[in-house]
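What follows is a set of structures for review.
One chain, chain A, appears in both complexes that follow, with chain B as partner in the first and chain C in the second.
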Partner chain A sequence: MNRRDFLKLIAGFLPAVALVRGQSAVDSEKSYVMVVDVNKCIGCGNCVVACKTENDVPMDFKLSRTWIEGYSIKEKIPIEESDIRKEVLSTSKNPFLDKSWIETTKGRKTFYVPKLCNHCANAPCVNVCPVYARFYTKDGVVLVDKDTCIGCKYCIVACPYGATFLHPEQKVTDKCTFCYHRIKKGLKPACVLACPTGARVFGDISDENSEVSKLVKENRVAVLKPEEGTFPRVLYIGLDSYVVE
Partner chain B sequence: MKKIEVVSGLTLLLLILVGALGILQMHTHPIIPIEPFESAEGIPWRLLVALYVFFVVSTTGLCIIASLGEVFGFTKLEPIVKEGLLMALVTILVGLMTIGLEIEQVMRGYFALIGHVNTTSVMFWMIMFYVLYVIFLVVEMWFYFYDDLIKQREEGGLRGLVARILTIPKASDTKDFAKVIGFVTVFTAIVAHSNLGALFGVNYLPFWHGPLLPVYFILSAIVSGAALTVIGVYITDYIRGVKIEGERYEAIQMLRVILGFAIVVTIFFTAWKFVIKAYPNSTLLSRESVIPFMNGEFAFNFWIMEVLVGLFIPLILLAAPQTGRKAEGVFAASLLTVIGIFFLRIDLVMGGLVLKLITGMTFPSPVYHPFEIMATVGFFALTIFLYYVGYKLLPMEVRE
Partner chain C sequence: MVEVKRKTMVLGLGFAALVYLVLFFYVFGFAPMITSSSQSKWVEIELSKEPKFSDTEICKECHYQLYIGMKNHSTVNCEACHGSGVEHTIKRSSDTIVVDKTRDACLKCHLDVEGRDVIETVNETHHAGVYCVVCHDPHR
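Showing the complex of A and B:
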């Protein structure tokens, strides 16, 4: 018996849960994933701005559905003692253009990692939400029902990736939706469209000819925090071991 | 009405007003920067959640202590059962109010009970069991107070009216029923409370994660329950102008033993919790999770308030016969314990969350917003005020 069978068995005892969830591989035609090539990311922040513009996320707060982490590392053995400097780009202000950042990156290993909601197949936020405001769509995207969310913030606490935040005006939790309103019409998510280097690729993994399928076949991919058992739908190419979360 | 009652009543009303203002401000202005953890210094669960945990821990403990006297045959504790039950009711009502006003969408709070429930959420079960607990507790109290309410019917004024309304349904053998319901109540309280402990068992937060957290919650409930019962009884008798002696003194001495024993167990629990997080479990994250408590942002809270004020000084006060045999000594120890427990809640909730940040990021320091502090003061004032009102309306004092 594998994990999915086991989950189905449990769901059999809770018919109400099974009915609402509908998260089964059989009846979904599409299975969306995003592949992020860390080698290609230049930390420009176009994706952050595009996301904020598209999805009505406040500009002036440090609140973001997607953000970029810059790592600047001077390596040492043992690896835990390496000198790591980490900056986060999530506002309209770009810390990577600061003189201090440019100075520190000299002679160091520097790279940028875009982050967003991982749309986990076994999402902690869906499990803990007391009112079912979080749910899976048939194509695997995790969404927030903003008319139901009571703002208890348990999902913010439970998310291992820090991808959820409280929208200061709507007073409900908010997170990346893979631009669900766009992908349903066959368009690409805003961040993918805005990326000048093609570091972000979005598509249907169940379609063998899609770009993401090819990328996953041809490259070694990794996910963030695999030990949490969340089964993320955001896959990274060229992820460094310093990116621990 | 005595002068001291008028003055303190007005002060409490003023403080409640301050608290209401704080809550109103929290909901009209986005004061708390709640942000994704990687990018900023926001802690989503803050002072009011810690306060909620404090209140529900207290109610569980008070219910356990009252049940010891009422259900489980600790006859020495019988004289303080009434105070215990009333305090349990007041603390759970204020606790549910705290969390109901803490959530961002206050008007949608009922979604968690009906309509939209998610059966895999521990939070849902916790809310469910606490609501059941309130119902059971009210029924238990009605049975327990029934005989005295019948006597109170003869009185005039508001007290008589309350008694006449409450005794419209008729009952017999009420004490036996109270015992049965009391058993169900304390069982529900413990189930609800262990759910609260499980709620904090989030997988990737090493400071919270662990199967012993629910047990630890129940243990600390006994500590705060015993301490709060002593405080309640002492202050009540002080305001009434009665000296604590006879049966009530014996009850206080019994509570002294329970409190002392529970504190000793808590000391071991706390020590091993930290040692195990720091050493045998050698993952970097687990070890990092105790650093803020040892010599970081929470060091003062932990060493001074939690360990010294909350555990060791009360233990000495209780153990030493010079202080422990006096009601004042036990009262002082209880007061210190409750203060320690309150800081323990803040450390547990906020201290567990600061650890979400890992490599290369600084820890956010625990900043308490003025509005939060206002609300906290208001909720404490409300607790005392409700207890006072309940004490005045219910047949608390035995009249021969």
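Showing the complex of A and C:
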């Protein structure tokens, strides 16, 4: 084999590599997304409780697969860091019902942003995992293979959204799976089911008649941290630019 | 002397190239092939998990009168207030479902907190101490 043949062999191998890694979801029939309407979220915490019940995350543990960030902003220009008050709801205890939150937010611009794993099409956690425990399914959902995961926490460092965490009992990393066991049976994810105001809508964006397709068509949607180039599958309606994290 | 140097350099570069190629083929070629089988195995494990939350469509099979009489909470799923209901659909007893009649259960959503414009809210002073369900029926 001369040098030219060898280089040809390498060149032929590269597309095969891309196929094996399964980065492209072109051949799949479904493409799941979640549309979150920030205007409708009231910060009740039903989604957090439902998610923790459904997915066996301890209720008292301070991290969760999905959580709500409450922002309260004193409106003036320019806005400084001290003008923004932020609280996180991630357990069954709701900080938005506290006296201090109610008093400080009176008359201020206040909104609640539900957050979860964004199931990025170019996920940093999949890219950094040294044992290939994280992978894309054909529908675009990012899953953690908990039998392979060694708990090295690279993904926790890599995730720009802070959506992945170490499970306190299983000692491997855990994150939102879009309730993969539910959506494949035709059920809604637990957080979508528990949301009383319909702030979360889940569906298939490749289907033109689905509810999410209509919402995306009719509204201006945004994603969190577009500058990271992760192409998230969680789209936000009415997202405010104060939501930096 | 020059001959020896060149030989060492060629050998060194050759070794480096070999190490690089072995790593390249391992990382992009062989390892994903090995792990893809464990990944598809995990997808099956993930799919075998049993859901703990049912659906309103299943609740209405038995509680049809409550379902059609609903006005204000018609868009809210039953399990948003009553908790996970799969056990209740199997055992069908009243102790397997959450029936929380306290004030806190209602005020979780309906307390007058800033940023709750899409629903009706009440102040904490609104008939303090009296359960909401005394006057308001949540199923109407």
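By definition in this document, the second predicted complex is superposed on the first by the 218 of 245 C-alpha atoms of A that agree within 3 Å, B and C clash if a C-alpha of one lies under 4 Å from a C-alpha of the other, contacts with A are read in each partner's own complex, and residues count from 1 in each chain.
Everything that follows uses one rule, which is that contacts are C-beta pairs under 8 Å (C-beta built on N, C-alpha and C of every residue); 3 or more make two chains touch, one makes a residue touch a chain.
Nothing here was measured: the structure is a model prediction, and the numbers come from that model.
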Touching partner for A:N94 - first (chain B), second (chain C), both, neither: second
First, second, both or neither for A:T148, with chain B first and chain C second: both
Touched partner set for A:K40, first chain B, second chain C, both or neither: second
Which of chain B and chain C A:Y242 touches, first, second, both or neither: first
Contacts of A:F111 with chain B and chain C, given as first, second, both or neither: second
First, second, both or neither for A:R85, with chain B first and chain C second: first
Touched partner set for A:K74, first chain B, second chain C, both or neither: neither
Contacts of A:P124 with chain B and chain C, given as first, second, both or neither: first
Partner chain in contact with A:Y132 - chain B first, chain C second, else both or neither: both
Overlapping contact positions on chain A, where the chain C interface meets the chain B interface: 17, 131-133, 148
Residues of chain A touching chain C in the complex: 13, 17, 20-22, 39-40, 42-46, 50, 53-54, 70, 72, 94, 96-97, 101-102, 105-108, 110-112, 131-133, 135, 137, 143, 145-148, 177, 179-182, 184-185, 187-188, 190, 193-198
Complex contacts: residues of chain B adjacent to chain A: 30, 33-40, 42, 44-45, 103-105, 108-109, 111-112, 116-124, 127, 199, 202-205, 284, 353, 356, 358-361
In the complex with chain A, residue positions of chain C that touch it: 28-29, 31-33, 35-36, 38-39, 41-43, 45-53, 55, 73, 75-77, 79-81, 83-84, 107-109, 111-119
Residues of chain A that touch chain B when the two form their complex: 14, 16-17, 61-64, 67, 69, 71, 80, 84-86, 88, 90, 115, 124, 127-133, 148-154, 156-158, 160, 162-166, 168-169, 171-172, 225, 228, 242, 244-245
